[in-house]
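Listed after this line are the structures, all set down as structure tokens.
One chain, subunit A, links the two complexes that follow: it is found with subunit B in the first and with subunit C in the second.
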Partner chain A sequence: MKFFDKVIGDPMNRVDGKLKVTGAARYSAEYQLPNLSYGVVVSSTIAKGRIRSIDSRAALRAPGVIAVISHENAIKVPGWADNEHPTEPPTGGRPLRAFYNNRVYSNGQPIAIVVADTYERARHAAMLVKAEYEEEKHETNFEKNKGKAVVPAVVKKNPKSGLADYERGKADAYKTASVRLEAEYVHPSEVHNPMELQAITAYWEADDKLIVYDKVQGTKPTQQAFANEWKIPVQNVRVISEFVGGAFGNGLHNWPHETAAIIAAKMVKRPVKVMLTREQMFFMVGYRPYTWQKIGIGADKDGRLTGIYHEAIGQTSSYEEFTESTLQQSKMMYTSPNIGTKYRLLPLDVSTPIWMRGPGEATGAFALESAIDELAFALNIDPVQLRLMNHTDTDPEKNLPWSTKYLKECIQVGAEKIGWSKRSLKPGGVRSGEWLVGYGMGVGTFGAHRGAAAVRAKLLANGSVVFQSAVTDIGPGTGTAMVQIASEHLGISPEKITFQLGNSDFPQAPNQGGSATVATVGSAVVATCQAMKERLLEMAPSADKRFANLKLEDVTFDKAHLSITRSPSVKVAYTELLKKQNLTELDVLQDSKPSQEASKYSRYSFSVHFAEVHVHPMTGQVRVKKVVSCADAGTIVNKKTAANQMIGGVTGGIGMALQEDAVMDHRFGRYVTKDLADYHVPVHADVPPVEVYFVDKPDYIVDPMGTKGLGEIAIIGVAPAITNAIFNATGKRIRELPVTPDKLI
Partner chain B sequence: MSKINSRDQQSGESKSDSRRDFLKQSAVLTGAVLTPSIALKAAEAQWDEKLAEALEKIPLKLEVNGVSKSLMVEPRVTLLDLLREQLNLTGTKKGCDYGQCGACTVHVNGTRVLSCLTLAVMQDGRKVTTIEGLAEGDQLHPMQEAFLKHDGFQCGYCTPGQIMSAIACIREGHADSEEEIREYMSGNICRCGAYPNIVNAIVEVKKGGKKV
Partner chain C sequence: MIQFQYTRATAAKAALDAISRDKTAMFIAGGTNLVDLMKRGIVSPERLIDISRLPLTDITTEGKSLKIGSLALNSTVAENKTVQQKQPLLVQALNAGASAQIRNMATVGGNMLQRTRCHYFYDTALPCNKREPGSGCGALEGFNRMHAIFGFSEKCIAVHPSDMSVALVALDATVVVDGPKGQRRIPFIDFHRLPGDRPEIDTNLLPGELILGVEIPDNRFAKNVHYLKVRDRASYAFALVSVAAALQIEKKVIRDARLALGGVAHKPWRLSEAERALVGKPVSESTFREVAQLAMKGAKGFKYNEYKLKLTPNAIIQALKVASKLV
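Up next is the complex of A and B:
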């Protein structure tokens, strides 16, 4: 049922765009509460050991200082008393408890917080806090400790976990293939580094009532976490995250600085604002873990895959277990009858990683899609051809049909748009002046997830509608997409609709993560619109008796009017019905969850990325000249914001391929790249024009709008597209990211 | 390692201590001849704090978005923190505080400046324009319009800095080609990766020929 054919898919400007371009959008550190104080977190300078003492005398003497709080004097978080950690970490193990005891588990760990009446005073006093340590020997070197990798605890608990060793056919069948190769790949730690520094403003309104303006990806999960920590009723915690300045996954976990601010606010009885420094962003709020991978792959002479074996070891902290689906793509992307995967973790004396955009899948796709390219070269087959030959028409892992899969179309369009026909099979075959020209491709996939959510809608007497959801918007344009979905399903123009989000007072929504927001919250918007239409139809006979006994299917809801579809002149405005019933508003709350039907299908989004790179043979400089990305992500609700999201993923992929590298000095267990001058991310000059194409065919198995997630597939497969293009240009196969010039000369 | 650290931390303390002690003790408690009870009262009322504060602050005149301001600020306050924390102009963003990201870009006397690397007191008598000062009432600046139209942002956090830089980029005459724009906008990081859209917005404004 489409009423506003143009609304879904329309490249409408963002509904919150004006707030963003005028500086009026408020992020977590930008609420000026009365009597506000400033907290600055003091970090440990050792990687492992115990704090012998904290000398805060000088800091306390400094002007404006209100408190110096550490494990020596912090109030006890009640939820920690009888339980190791009351929150359900999104990972495994136990998150770090701020100021709980004198243990230091990683360099940069928060060990104290200084609260003062101005930011400058707090910052200065924080430099005066002196800690004495009993240092213990730390292990932070992944390569040195690789042999100590362990089976993840989640697998020990649940042998059926998706992270358990997997075998279809024979895991090592590749070893006897007529054409085969084995290769190891290394992915360094990468740090999310959203432009907004992690920030929280915490305020205890009453002894048992907490408000936080917090940079998180979910207001409801955060509300629950803090309610558990402080043993207060969940409705006594209010989490506000109206604007989130990027997160890319690092807001999917509550971190120690948040609890530190809440402890401080409780102790000083004032609102406390904490904004981490850029350096602290490297040590306290997660990162994409250092990962080692090995692939064995084999095919017959014609290029039919006969075996894939994929093994990965990911880094985690010593106190918390972080896992991700690094090996998933290898299980279902290609037709090989023999597949084996093995996933292990290596706990080190470092802070806990957290999902970073296209999380493990992007890491895994780097290895898998590189290996496919290497195999294509060994077989002397075009990599496009090799992928099409081994395309899976059903999910070989789950033995289920795909809900939808248009990857072949994506590959065909992408190959054409990048000018694949110009590519030479032999590396170094194309030149442009001094530069070597190469073309490469990489495929990405990510589960098309949908969760449960509820949405409220209020139709007001002036004809406008206000929707509410606790969901956050970290940048994709959630509010805009929801307005478009609501407009289409309620028959009201987008200008009349407001979508309020980012507040735990609003109806339930999960974290914004895993590319699931549109499918999850959008479905709840549809359900709420449906419920509202039912209510309107119930009320309609009061305005015109001819509406009596009609069903929803008999009625058209368009331009804020109901009309009888077969006699469109019988028509009444929504607002008229409110008047007739003496209502100032019509309030509808509806929840929605995935259907049973969906479980009969395997549901994934797919993407393919094509890159053209130029490599300077003398300097090793790599310039990405053009990227073409094609996505099979179901219905595209807003082509403008969706394309932007794809471009963002490509940008992240360029960083992953060529620049991003969190380098640790293992003598101290501390990153030496700890700001944006040393940790390189793509800037304007690194990002060429990016062409984005969408298949734009609905998948109604996943959700009623037909959407599938987009955020992750935007980056998954980009890095190998670039490294494969580098190989095509130079004949050099670099298996350790990032591909910096030194590796090419 | 821990040795080096504790040395660093100590030297920080001793400097500050002597300065504080001078201000707090000699200036108020010993400098003026006080009986113990008056001294106690003075301490309770935090006179020392207030005096120290008064001594530490410097008068500063700024025109911010066309409004003249007479302020008293500590010399160590950056223009960025002054705007965000004291003037409630939070449109200017802090993305690094080290001059590496461009999120804090504002115009001082019409040219772009990283406000995190700029001490407020050094701008005495100058004109500061922030993102909040671009629109004329409801009428957005052409660059703001172009960012909206080309979707030159996602999360919006780098956006004020990008827009302030973009305007300056045209004013400086560095927007003659996409290549040149990319080069002269490279001090403004967008981690969401909206770069191509930002470049398109700048190209359009430049081509539009309106005064920016």
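Up next is the complex of A and C:
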């Protein structure tokens, strides 16, 4: 059933839904190549030092073992310069190079790989590998080392970087405001734990030809990375990532286990498959970094903001510099004449963090949106009012108009749907039986990005069209959205369209990330459809002379036919044109990039999340009872997958607020909560009904479909909505996530 | 994981014979705990004797007690009408444990014998006296948020993670076992041990012994029971603290009581003194507050589990209030 006339917006089922639920969809660990072997990574058990020796004798004697590879015997990767690694931190650094030398930079680092004829045998033998270390003193304790935070190297190199210290008006103006407060916020590292474990199958087809089936967010960037590593022509690397079982950012980086698999495949001259264990996910493939933040905020008695100061220190590894836009929201969300931000990094003896959904913004929003709530309480003003009062109608940071901004509408709808009028200004004012009831809100924003991409389309004689792009689909339903966009713009029903993706042989696409995929690849689909229509119109006179000399604007493309808009009876089928021209297919390749016009505007998506939360006063248990999320994300291409994104983001936000906590024992520099029994993410019982509303108004400045990104704003602002609701219920302000029961009794 | 032999026993006697012949052998029932431990290299049996098909799954009433076979599944017991009628506290405790999928595999015997979830026990790269005697207790000065406040020793501060066992200890159950010493009966309260100097030994079950089942004497608590489990998420998490409360109430006065805690000690923690203090008292919040204080005698917190000193009495009060229908 269609809810709308247009294909765009239709809550169409996922084009690959059936493949996924029947198990026919193949993920990176599911390719069974002939002569396949299995690699299991051996991880370090110290946080810093040197490997004195690796004893692989027992492993080599174990049944089925083909090789044990470590720095002692690994082939040299040609693209790695011969200098000691890393240089003095933090330098911007470089990724960890597997088996490059005997250095250990973090606990859980890959130090060897065991290759065997079955996974079980490899796993068994991996347990038999014993390493001797020369340990060095490590530093993993953020709180203890906070004073050693440094200016990021990217800022040193480029003082104009968005991460540089920022001042508008006077950074510390809040200190003299009539109502003011200062508060510190902390959230622990949150580890990437998508359902699908990180996996790669690597195969050298020839000495200089590599195929990898790899769980990544970009096939092209990965192709380039491996070509550089192995110093082979880029076209000699093929990266296939057809299905990705959730990535959330951890596939935006190539990790050491990937190179380990490629080294192993080269050495054993067989395809090697490596799948990390759940525990290894905690040590090797990135996480949302431990971040400390401080906010100073002030307003006049009526609630007009007079100053915001926001400072953050994020954790990174000793060898790589990971930065994120933690403070961006504070620069542009509210109308304060005085703003200051300061961002620092703390390199520790840990593995490198990586973007995690709504990356820095979700972290920053926890502090900013909590502080706004604290200020509202101090002012005795409703937090909805306070936000509306200080709403920015133009971007105060860039001094540009917004391309579109419907945040006020979102706030109004959300407040009504959650039942904000039931909220008491005073904490603890509402009860449901024994439970304390609270309402809270949090606003989110993320840049509406668009990059460059190309898309190929082939119209076949049977009337179907095959589109191709190297882009991956990490879960949002990219293929589905692209089919809808193509259908709309080519005038062909969705059933006739196939969208092939996840293969570096296909046309250029960037990483799937930063909520930019629909805008980037969708625009290329539109461009390709346009080019295809031009070709069809060129061919049309061969079928009917009346099409001669017409322009695209004069012609309607619908139901796989061209017709003259002013005399619709003049029409011809696309397939008819192929026949007339004796073509078996019509192949079009077109690229697209953002317009110049766009740079005259400030482009952001916005969201607001409202939560109703119940807290038990005796046991401190928190139950999120209802969440209402409203998004201003431009045109919504598919209402179903978009709602799915929002619900997923809210679920992640519940985890961030209440559960996720990668705890490290600093004596060992090793995580102690490192499986899904100890590291909690929400289960169904934790996730209430989530009501999702979209403004659904196009933003044609961003892209021709009018879309703005959605994936990140789904989570940004959720955690503070929940913690603010907890405050409203209990009067307790917990500034250190996650808010577990022990903090509320 | 090491290479191991696998045999399936079809009779209890055969299982006992098999284990007596091989010191490195272990029984496997649902495997939901043992397989994890093997995969992580924490235990390495060279032979697994699969007892899951043994005819020890019956749930029957005999005389004045309920008998549950050791291989009855956690979910089967929880869904059994007789158990629901006679021992609703046990049903609540079972349903508070793990997930539906795990309860469908887990057995009564295996549940009692599951090992601690202490982070240090589970990681062979870290010290743990329970896993590797003499290596030290990682938790003592480490991340001990989940750990014991009662009955711990310098050697070990781990807790027993079972929910079912908390109900069974409160309900005066008896464990029936068979083995080298012949059949014997172990009061549930003596089944699990405190760590003392030998934290590697969890229970008083002897090597080579097989649990046949548990027996629970009939009682008059069915109307006023509550199993309260405080945990970090709504479901599928181990207890921070749990309370099994059973009351016999007549005319608003408590005639008899059973009270036990989970998540606070190396064994399910029966509160006999608090039980006695409840008897004869009126059902009221102040009674429960007094008793909760009494129950905390001797409790001591560590760096990360101090909160249990407050959460535990709160949970006791709350469980008693629900059991007595005060709320």
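Operating definition for what follows: the second predicted complex is superposed on the first by the 728 of 745 C-alpha atoms of A that agree within 3 Å, B and C clash if a C-alpha of one lies under 4 Å from a C-alpha of the other, contacts with A are read in each partner's own complex, and residues count from 1 in each chain.
Throughout what follows, a contact is a pair of C-beta atoms (placed from the backbone, for glycine too) under 8 Å apart; a residue touches a chain by one contact, two chains touch by 3 or more.
These numbers come from a predicted model, not from an experiment.
Would subunit B and subunit C fit next to each other on subunit A once aligned, or clash?
After superposition on subunit A, subunit B vs subunit C: fit, no clash.
In the overlaid three-chain picture, which partner chain does A:680 touch, first (subunit B) or second (subunit C), both, or neither?
After superposition on chain A, A:680 lies in contact with subunit C alone.
Between subunit B and subunit C, whom does A:23 touch in the aligned arrangement: first, second, both, or neither?
first
Figure out whether A:741 sits in contact with subunit B (first) or subunit C (second), or with both, or with neither.
second
Does subunit B (first) or subunit C (second) touch A:64, or do both, or does neither?
In the superposition, A:64 contacts subunit B only.
So, A:591: does it touch subunit B (first), subunit C (second), both, or neither?
Neither subunit B nor subunit C is touched by A:591.
Look at the residues of subunit A and decide whether subunit B or subunit C touches more of them.
Of subunit B and subunit C, B contacts more residues of subunit A.
Considering only touches as defined above, state whether A:434 meets subunit B (first), subunit C (second), both or neither.
second
In the overlay of the two complexes, what angle sits at the CA centre of subunit A between those of subunit B and subunit C, given in steps of 10 degrees?
If I round to tens, I get 40 degrees.
For A:672, using the defined touch cut-off, is the partner it touches subunit B, subunit C, both, or neither? Pick first, second, both or neither.
second
In the superposed arrangement, which partner chain does A:650 touch: subunit B (first), subunit C (second), both, or neither?
In the superposition, A:650 touches subunit B alone.
Check the residue A:127 against both partner chains and state whether it touches subunit B (first), subunit C (second), both, or neither.
In the superposition, A:127 touches subunit B and subunit C alike.
Once the two complexes are aligned on their shared chain, state how close subunit B comes to subunit C by Cα atoms, in whole Å.
5
State which residues of subunit A lie in both footprints, the one left by subunit B and the one left by subunit C.
45, 63, 120, 124, 127, 667-668, 675, 677, 682-685
Which residues of subunit C touch subunit A once you look at their complex with the stated criterion?
It is residues 1-3, 41, 99, 117, 119-120, 122-123, 125-126, 138, 141-143, 145, 228, 230-238, 240, 307-308, 310-311, 314-315, 317-318, 327 of subunit C that touch subunit A.
Given the complex with subunit B, which residues does subunit A contribute to the contact?
By the definition above, subunit A touches subunit B via 13-14, 16-27, 29-30, 32, 45-46, 58, 61-64, 118-120, 124, 127-130, 132-133, 135, 193-197, 243-248, 275, 277-278, 474-477, 640-641, 643-645, 647-652, 667-668, 675-677, 681-685, 687-690.
Can you tell me which positions in subunit B touch subunit A when the two form their complex?
It is residues 1-2, 5-6, 9-10, 12-13, 16-17, 20, 24, 49, 52-53, 56, 74, 76-77, 81, 84-85, 88-98, 100-101, 103, 130-132, 134-135, 140, 144, 147-149, 151, 153-160, 163, 178, 181-183, 185-199 of subunit B that touch subunit A.
Applying the document's contact rule, which stretches of subunit A touch subunit C when the two form their complex?
Residue positions touching the partner: 45, 63, 120, 123-124, 127, 433-434, 616, 618-621, 623, 658-659, 663, 665, 667-668, 670, 672-675, 677-678, 680, 682-686, 740-743, 745.
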